[in-house]
C-alpha cells in the first residue's frame, strides 16, 4: 500500500539482540490499546470463522417480493435489494473480507520483508535494483496499477491477490530496508561479522528478528488499508464478484438507497471502520509493547 | 548537496521511463480490443479491421512501442481513439481540475494535521490525545467513496451549503465545488500525517536539547513551535511527499464520486475503453508528477537534515 | 456502484440487410398507421397552446457526453442525441413511433418499387440562411453510404444511385424493392449536411456543424467537455420554433449525482434515471418522472454451438425457470414489464397472443427431464460487469436456475473484454440488450432470427430455424398490413416455442422532468425533439 504509516523508530537492541519474553507479556497486559485491539480483532475473527453457525439465513437466499424491508423481528437489519437478509450478509462478508485481506498481504509481507532485509544488508547492486523497482512501482498511482492488473488477470479474488502481490510488497521492502540499515551498523552485528559468523546466520538470528517486528506492526496497519482497497474495488465493480458477500459490493449495491434505506450502505461501512479500529489498535498496542519505555 | 540532487534526478528520469514502459506492456496485455469496444454490436470484421488500421494497432508490438517513443521524444502524445483529438489537448483541458483538487486536498490535510498533532502531542495521554488518535485510526479505515457520498448527502443535499457536484463556474464557484472533494481526498492522507507528526513531536519533545531549552526558561508554546515543530517536520514532509502519490492516485475515485472532469476520471474511462494513447499519456503525466514531487520533498528534507544525504 | 464504465454504451444494434432480402415496398400508409402502443405521457405540443412562453435556457443533465458530431461515423447515444438537434433527416420517427415527413414533404415511388422521388420541403434552410437543395441530400447520403468505416453505412446498401432532380427533388435508385427503405432514410446517420460541407474541410465543418435543425452549436465543439450549449436557430424551418433560447447539456455520468442535481434544482431534466430512485423522485416536489416505452428488450442469450444449449428442452426449461415478473419487481422496481415475446410491446406487429413460456418451476423440471441433461449441469453466465443492472439480473437468474439443478457461475468482464468475448462466441450464456432503432420491426426480426443474413448469426446465439427465417423474408416483402401482422405473429410464436433467448424484460426510458418544462417527449427509439419544449 503506498500510503506510508511510518512506524515508530526501530527498537534499540538489548543484549543479545532480543528482549526477554516475560517483559513483553507484562507490558502487553498493561496496555489498554493492545487489549482492546486484540479483543475487537479476535471477535471479528470469531464471527468470520463461525459464520455458518451464527448466520440466521443463507446470505444468498433471495426473496424478490420482500426487498428493502426495514428492521424487523424476522430480519434484524432488514433485507437488501434482492430480499437477502442483511445481517447474514454482514456476517458472511466479514468472513470474505478478512480472508481476502489477510491472504492478500501474505505475499507482500513475506516477499517485501525478505527482499528489504537482503537489500539493506547486502547493499550494492541488489540494493540499487530493488530500490529502483520500488521507485517505479510507487510512482504509479495505486488504483491505476491495481485496476490495470485486475483487467489483465481477471476480476475477482485472483485478480486482487495478484494485484496486491505486485504492488504492495514495496512498502514492506522499504520499511524493512531502513531498519536493516540501522541494525547493520549496530555494535552487536558488527561484532558478529568481524567474528566471522556466516551472513545467513547473522541475518536469521540477529537481523531478521529485529526487522521483522517492524514489518509485523506495519502488517496490522496494512491489512486495514488492503481491506479498504478491496472495498473500494468492490465499489468500482472490480473486487470480490457477486454473489459472494463483501462489504465493498454491499456498499456499492446499497448506494442507490442511501436516502431511503440507509442501512444497506452504512452498516457495511461501519463494519469496515470497526475492523480497521480493531486491527489498528492491535498494531499500535504491539508497537507500544515492543518499543522500550 | 548538488551531487546528491543530480544523482536523484537521474534516478527519477529512469523511473519515469520504467513507468512508461510498464504501462505500455500492461495495456497491450489486456484482453479486449478498442475497436470492438467502440463498435459494440456493430463490430463487423471490415469495420474492426479498418479502425485497427487507422489506430496503428495492426503493426507489431515492438513497432508500436517504437512509434510511441519516437512520437514522445518529439513531444507528441498521440491521438485519442475515442475522442479523435490530440491527447495533449485532452490532458491540457483536464489537468487544471486534478491539480486544483490535489492542492485543495493537501491544504486541508495540512490544516487538519498540524493543530491536531500539536494538541495530541502537548497533551500526551490525556483525553485529547486519545480522541485524536482514535479519530485518526478511524480515518484510516474510512473508504473514501463512502465518506464522499455521506458528505454530499449531509452538506449538499440536506444543508445546501455546497453544490452537489460538477466543477462550478468562476473562481469562487470552482473553489466551492472543490470543498467536499478536497475534504474527502484529504482524509486519505490526514490520519497518517497526524500519527506521524504526533510521534515525531513526542520524540523530539523527549530530546535533550528541548530539556535544555526548557531549562533556559522558554515557555512551552515557544518550545513547541520553534523547536519541536521544526524538527518533527522533516519526517512529516517526507511522508507528505510520499503520500501525495497516493493522493494523486485516489483522485481517480474522488473524481468519480463528485463528477469532476479531471485526469483521474478520464484515465479510468480510457482504461475501460482501451484508449491506449490516453492511458499511456496520463500515466506518464501522473507518474512524472509523483516522481518529481517525491524528489522535491526528498531534496527539501535532505537540505534540512544532512544525515539523509548519506543514505 | 460499479464504474459507470459503459461509457460507450451503443444504443443500437441495427440490422445488416443481406442481398437475399427480397422485399417490396411498405407504402405511404406506414406513416399514417398508428403504433400499437401509446406512450404514457405524450405532450400535445403541436397544437397551439396559449401558455407557451418563449426564451430561457433548458438545463439537461445527461449520462453520456458526445465525442463527435459526425452522424455517419458514430453509434453512441451521447453523440446521436446531440447531433440530432443540429442535423435532420428526410423523415423522422415521432414520439408515437410513426414515421413523419420532415425535410422531405412527401415522396413518390415507381411501380417496380425501385425508384423513390422525394420532394424537399420548401422553405427549409440551413442555419446560415442557405436554402436546402437537392445537392445537399445527394452529398450527405452518398457520403454516409460510401463510408466503409461507418458503422451504419450498410443500411444504405440497397441504394445504387442518388441524383438531384432540379433543386427541389431527389431521386433514389434501389437495387431491388426494399420495404424498410423509408425507415432507413429516417435514421440519424442519414442526416442532411450542406453539400461539400459548405466549402469547409470536413474537420472544420464538424467542429461547428451547420444544419437545418432547431439549434446550432455555441462556440466550437470540444469532444471531452463537461457541457455543451446549443443556441436557437433563428432560421429554423418550423416557424415560431424552437421556443427555447438555448439548451445546456451537462454531462454527469454518476447516477446519484444526476438525481441529486435535479432534486437540488440545478437542472431541469435528467436522463437515465435509475429505477431505484423513481419512487423518491416521484415523491419530490416540483418534478415528475416520465416513463417512455422503448423498442428495447433485455435478453439472456444461449450459445447453441454448445450441446446443452442446442437442446431445445434445455432452453425451454431455462425459460420456464426464470420468474420474470419477480425479476422485474425486484430489479426494476416495477418500472419495466416482464419479458415474453422477443418483440417489445411498443414495436409494430408485436403480438400479445404469443404463447409465452410463463414462469413455472414444474414445467421447467418437466422440460429438463425430457432433455439430454436431466440432472442439470454447470454453466457460465457472461455479463458486462460495469453495468449494475446486469449484475442484479445475473444474481437473480443464478438463484432461479439453481432450483432446477443448473449451476451458474457469474463471469463479469469489463466493457471492452465483454464485447470482444461474446463476439468470439467464447461464452455459454450472456446478457445484453437488443434494440430497434427504426419503426420497422424487420430490424429486430432479421438481426435475431436470420442466422445467415441478419448480420449477427441470430444475435450470436447461432439459432437456426428455416421456417422462421422464411417467414422473416416473406414479411419483408409483404405490404398488406393484415398479412404482415399475421406473419410476424407466427414468427414470434415460433421464437417463443424455440426459446433461443429469454426475453427478460422491456425497460422503458426513464426521465425526471421539472414542472417548469413542457412539451418534452421521447420516441421509442430514445430520441427527443427540443423545438417543442418550452419553460415556465
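A, B and C label the chains in the order they appear, each numbered from 1.
Following the convention adopted for this analysis, contacts are C-beta pairs under 8 Å (C-beta built on N, C-alpha and C of every residue); 3 or more make two chains touch, one makes a residue touch a chain.
What you see is a predicted model, and the numbers here were worked out from it, not measured in a lab.
Among the chains in view, B has its Cα centre nearest the centre of the complete protein Cα set. Chain pairs A-C and A-B differ in how many C-beta pairs they share in contact, with the greater number at A-B.
Separating the CA-averaged centres of chain B and chain C is a span of 41 Å. Chain centres here are Cα means. That of chain A falls 48 Å from that of chain C.
Chain A and chain B, compared by their mean Cα positions, are separated by 22 Å.
Among the residues of chain C, those in touch with two or more other chains are 3, 5, 256, 386, 413-414, 417. Shown for chain A are the residues that touch two or more other chains, namely 151, 235-236, 255, 258-259.
Residues of chain B found to touch two or more other chains are 30-32, 149, 157, 256, 268.
If you check the complex, the residues on chain A that touch chain C are 60, 62, 64-65, 67, 81-83, 151, 155, 235-238, 241-243, 252-253, 255-260. Contact residues of chain B toward chain A in the complex are 11, 14-16, 18-19, 22-23, 26-27, 29-32, 133-134, 137-138, 140-146, 149-150, 153, 157, 188-189, 192, 195-196, 199, 203, 235, 239, 242-243, 245-246, 248-253, 256, 264, 267-268, 271, 283, 286-287, 290-291, 294, 311.
Within the complex, the chain B residues that touch chain C are 30-34, 36-44, 46-47, 50-51, 54, 82-85, 90, 93-94, 149, 152, 156-157, 160, 163-167, 256-259, 261, 266, 268-269, 272-274. Chain A meets chain B in the complex at residues 2-6, 8-9, 132, 135-136, 138-144, 147-149, 151-152, 181, 221, 224-225, 227-228, 231-232, 235-236, 248, 251, 255, 258-259, 265, 269, 272-273, 275-277, 280-281, 284. Residue ranges on chain C touching chain A, taken from their complex, read 1-3, 5, 255-256, 274, 276-277, 280, 323, 326-327, 329-330, 385-386, 388, 391-392, 394-396, 398-399, 410, 412-414, 417.
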